[in-house]
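Each structure below is given as structure tokens.
In the two complexes below, subunit A is the common chain; its partner is subunit B in one and subunit C in the other.
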Partner chain A sequence: MPLLEIKNLVTAFHTPAGRVPAVDGVSLSINRGTTLGLVGESGCGKSVTALSILRLVSAPGVIESGEILLENGGSTQNLVTLGERELCRVRGGRIGMIFQEPMTSLNPVFTLGDQIAEAVHLHEKVSRAEARLRSLEMLKLVRMADPEQRLHEYPHQLSGGMRQRVMIAMALVCRPDLVIADEPTTALDVTIQAQILDLLSAVRKRLSTAILLITHDLGVVAETCDEVAVMYAGKIVERAPTAELFSRPLHPYTIGLIAARPTPGASRSVPLRTIPGMVPLPNNFPSGCRFHPRCAYAQFPRCQTEPAELREVTPGHFVRCHFAGELDVPQNH
Partner chain B sequence: MLTLFVITWIVYGLTRNMPGTPLTVTLGETDPSRKLNPADIERMKKAYGLDKPWYEAYCIWLGNVVQGDLGRSISRKQPVATLIGERIGPTLALSGAALLLTWTLAIPLGLYASARSGSPDERAVGLLLFVLYSFPTFVAALFLQIIFAVWLRGTAWELPLFGMSGDGVGTGWWHRVADIARHAILPITVQTYGGLAWYSRFIHSTMEEVVRQDYIRTARAKGAGEYRVLFHHAFRNTLIPLVTLLGLSLPGLLSGSVIVEQIFTWPGMGRLFFESIRERDYPTIMGLTLLFSVLTLAGQLLADLLYCMVDPRVSVDS
Partner chain C sequence: MSSRTSGGFSANPHLPASHTPMSTSGGFWVEAWHRFRRKPLAMIGFLFVITLVGIAMFAPAIAGTKPVICRYKGRLYVPCLAYFDRRLEPAIFSTDKFRGTYPANLTQKDPASWAIWPLVFQDPYRAVRDNEWPGRPANPARDEGQPNWSRGGWNLLGTDQYGVDVLAKMVHGTTIALMVGFVSMGLAGTIGLIVGAASGYFGGWIDLVASRITEVVMCIPTLVLILALVAFVEKPTIWKTMAIIGMTSWTGIARLARGEFLRLRSSEFVIAAQAAGVGPLRIMLRHILPNALAPVLVPITFGIASAILIESSLSFLGFGSPPPNASWGALLNDARSNLSMWWLVAFPGTAIFLTVLSYNLVGEGLQEATDPRLRDARK
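Right after this comes the complex of A and B.
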């Protein structure tokens, strides 16, 4: 049984201009202790998917349909229909979350120690001293310098990278089974990015936590994930184990993404390859296969009229393309 | 210090250049048959220092103030310091009670509005507060006077029409305090209701701003319940702008409300200020101006100090 299974999730925003389905029928599953990467361009719905799992999508966004099943001692609980009180137990208790903006994600008026300890108090009946000890332990685990002193400091006294370490400590202090990391390194310097990613994988090994890593950076995915799901225009277009996806991408979009990565040592005179066109906006998705206006392999009229279904082309490798496996694609490995 | 100097200098210049002097006011009120002859008027002008140009008089006033002398009231024939001393108690009691009441009601109201934002009951309360806010104090005061002092006369609900104390109360201090409290109910109500809408609206809108911040989402993701998110995480952050407001309301504590004190003939600073302007009583006007200016500056200092307490990003040395 997977730890978390998302089935046909639809999250839409009801704006004055009409219904905007940011997530449109996403299905995913994560096993215990594994890392799943969710990749896509800005605006494809990956962050909304992440927020939907903990029902943190704020108005006017609503989860319209679908199930989010969390394994719970042999049975499962559906987070979409869970009561407020139970939901609070899952948030931070069984599923921790790390956000993109470390600069603004910590409350400026409380000390770091209070903020981490609060997470402990919310989920476990422990004494203040014990909660403090646990916070200290977590700060050591995320390799903060002078952890004792940090407990009494405020967020503004820390750099972005250090704040993100505190966020990680806070998300992990209750030993959740799953951590959702929504672009945890996007706002950080490249060197800090590497440190934070290292830290995440080290902590995962230590605590055997599963991670849902949301990113637009394929390099990050290649280094840290066991499995990858590629998202485009509110839907998953391809899902496969990491090695398989990079060596044998089957969806034209994934092929384009991998080809668009800069390769070290490549001649500078050769321009980077790009995918033509723009990410479609959720209020105006194209008909048929949503990628067809930008697809080099699109065949008309089928791709324009008939929506593609996600199908398993080889065991464990799912693709949403009418011609998956039949395309004559130059392989880059 | 420089601020105080500039304020008093400007106010002195303006009051001295208002048409009329303390003497014209007194002369206008006296019996024409007992009119003073021009030589006497000149003598009186000299006695009060009104013969000198205003900038020279200002320097004399400033010199006395530096030595701790606020001067004597022209119309009331009493030292200004004594006058202020008499009036400060009643005003402090009235506006202190009103301010305390406003804040203790406005904070729960604002939080309640944030917790139930958009619900029908929140809208109803919001509308009621807005109606109250836009209702002028003098109209409300007159209505309350009619209801409680006229219509309810003779019932247990009757409240005194004006003044601070009545005749024929018992001798014990407890009776006196109870009597003053009874007199204060209407003025306090009038002074509170308008500010209530304003403050609770301010708290509500600040809270709306704060709950959109990323750290509120973090608190929710940690598993904090809706009430903890609002009252613990969000409210601590709304305290920061509230402190500014508190600092700004400090001078109001002593300056009192001219309108409310006038309607209820409450012997406070607001009325003293109003009357001293009407009587062109320069020393009293200046004494009060100086006091209010000092309080405004003190309020700002207090706000700055409170900032350090509620916002860890601000520290005393920076």
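Right after this comes the complex of A and C.
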């Protein structure tokens, strides 16, 4: 039984301009202790998927249909229909979340110790001293320098990387089974990014937490994830184990993304490959396969009229393309 | 500090610590205080208010006809507390038939007694009688009560038409002036924050209803609304006046609080707190409120100033608290029927003016110390 299973999730925003389905039938599953990477361009619905899992999508966004099943001691609970009180127990208790912007994700008026301890108090009946001890332990786990003193400091006294460490400590302090990391390294500079990713992997091994890593950085995915799901225009277009995806991408979008990566040692005179066109807006998705206007291979009328379904092409490798495996794909590199 | 923080940005070692508030730990309010302290006008206003608090607290020791402390028949008493509440007057003085005249009675009935007297031997509720203080004549009344410092300086600010000392009345009126500000704005702040927080945080129909109610209350001219409410109240007391002022002046605070809650509701640290499993009430009280308090504190400070003015206007119009609770506005009301007695207008008027000015200076300083945009504009 997977730890978390999302089935046909549809989250739409009801704006004055009409219904905008940001997430349109997403299915995912994460096993205990594994890392799933969710990749895609800005605006493809990755973050809304993450917020939907914790039911944090704010108005006018609504989860319209689908199930989010969280394994709970043998049975499952559906987070979509869960009551507010139960939901608060899941948030932070069973599923932790790390946000993109460490600079603004901590409350400026509380000390770090208070903020981490609050997370403990919310989910466990512990004394103040014990909560403090747990906070200290977490700060050590995320390798903060001077953890004792940090407990009494305010967020503005820390750098971005240190704040992200605190966010990770807060997300993990109640030992959740799953951590959703929504672009945890995007706002950090490259050396700090590597440190934070190392830290996440180390903590995952130590606490055997599953991670849903949302990112637009394929390099990050290749390094840290067991499995990858590629998202485009509100739908999963390809899902496969990481090694498989990188060695044998089947969806034209994934092929384009991988081809667009700079390769070390490549001649500078050769420009980077790009995917032509723009990401379609959710209120104006193209007919048929949503990728067809930008697809290098879509010369078939079927691409323009018939929406593609997610098919299992080889075991564990799902692709949403009518012609997956049949296309004459040029080898990259 | 900088030597202890490893990895943090260390402060310039050549600057003294007081010039680098950013590097000292303490957070938002400590920094705001550092900035506030460097504004001379705001500090003058703040110190004036502190002084008023001191005067109000020690009013019976500053002006009164009851000893601050006295020893009588072998025991120590604090009769001046009677000015706060009549029941605090030690019973022995009424059984021994003092009838409010302490100096003569004390020496007559217990020659061994001693007393520490208030700075000014004057009563805020009645005229001091002839020879009440050994060798001192009775307070002059009516036009005779003009401040005349050559006459021994017994009535520094003159007396009113009944011979009651103006200084004593003003000193004791300080309590009311302060209480009006704090109590009515405490009430207005509570109502405003609750209404604003609910409409800003929950939005939807709650926001719609709360905002419309706020606008309706806003549309009615405050003084007219207050006078209408006063007409309903039987037996007006100063507490009822304060409640009415509080219930009519929360609108500005509510609108500001709504804006702050609306802004902070979708801020990332609030979403992060929600993701950690914090419930709505706790989010509002613990995560949003402390961040929204600074901007809301500014209209509250200005509100205190206007509450004092409103109370004065009410008392001046004769709708305020009844005697013997002498507020500064009530003194002005006395002057209305005795126009030749200029000192009844000048001194209480100046006191009201200075107090309102101080609160406004404090409010302005607070605004500049807590609002990052204004702060940068000044640089």
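In this text, the second predicted complex is superposed on the first by the 332 of 333 C-alpha atoms of A that agree within 3 Å, B and C clash if a C-alpha of one lies under 4 Å from a C-alpha of the other, contacts with A are read in each partner's own complex, and residues count from 1 in each chain.
Quick note on the criterion: contacts are C-beta pairs under 8 Å (C-beta built on N, C-alpha and C of every residue); 3 or more make two chains touch, one makes a residue touch a chain.
These figures come from a predicted structure and were not determined experimentally.
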Exercise. Quick one: subunit B and subunit C on subunit A, clash or fit?
Worked result: clash
Exercise. For A:E101, is the partner it touches subunit B (first), subunit C (second), both, or none of the two (neither)?
Worked result: both
For this session: Using the touch definition from the top, say if A:A194 reaches subunit B (first), subunit C (second), both or neither.
Result: neither
For this session: Return first, second, both or neither, reflecting whether A:A145 touches subunit B, subunit C, both chains, or no partner chain.
Result: second
For this session: For A:M170, decide between first (touching subunit B), second (touching subunit C), both and neither.
Result: both
For this session: For A:V109, decide between first (touching subunit B), second (touching subunit C), both and neither.
Result: both
Exercise. Any idea whether subunit B or subunit C touches more of subunit A?
Worked result: C
Exercise. Touching A:A259 in the superposition: subunit B (first), subunit C (second), both, neither?
Worked result: neither
Exercise. First (subunit B), second (subunit C), both or neither: which does A:L56 touch?
Worked result: both
Problem set entry | 62-70, 98-106, 134-142 or 242-250: stretch of subunit C that collides with subunit B | 242-250
Exercise. Residues on subunit A in contact with subunit B in one complex and with subunit C in the other?
Worked result: 54, 56, 58, 84, 88-93, 96-97, 99, 101, 104-111, 118-119, 122-123, 154, 156, 167, 170-171
Seminar exercise, completed: Note: in the complex, subunit A contacts subunit B through residues 54, 56, 58, 84-85, 88-93, 96-97, 99, 101, 104-111, 118-119, 122-123, 154, 156, 167, 170-171
Exercise. Can you name the residues of subunit B that touch subunit A in the complex?
Worked result: 213-215, 217-226, 233, 236-237, 240, 310-313
Exercise. Hey, which residues of subunit C end up touching subunit A in the complex?
Worked result: 4-8, 22, 25-28, 203-204, 266-269, 271-279, 286-287, 290-291
Exercise. Subunit C touches which residues of subunit A in the complex?
Worked result: 54, 56, 58-59, 84, 88-93, 96-97, 99, 101, 104-111, 118-119, 122-123, 145-146, 149, 152-154, 156-159, 162, 167, 170-171
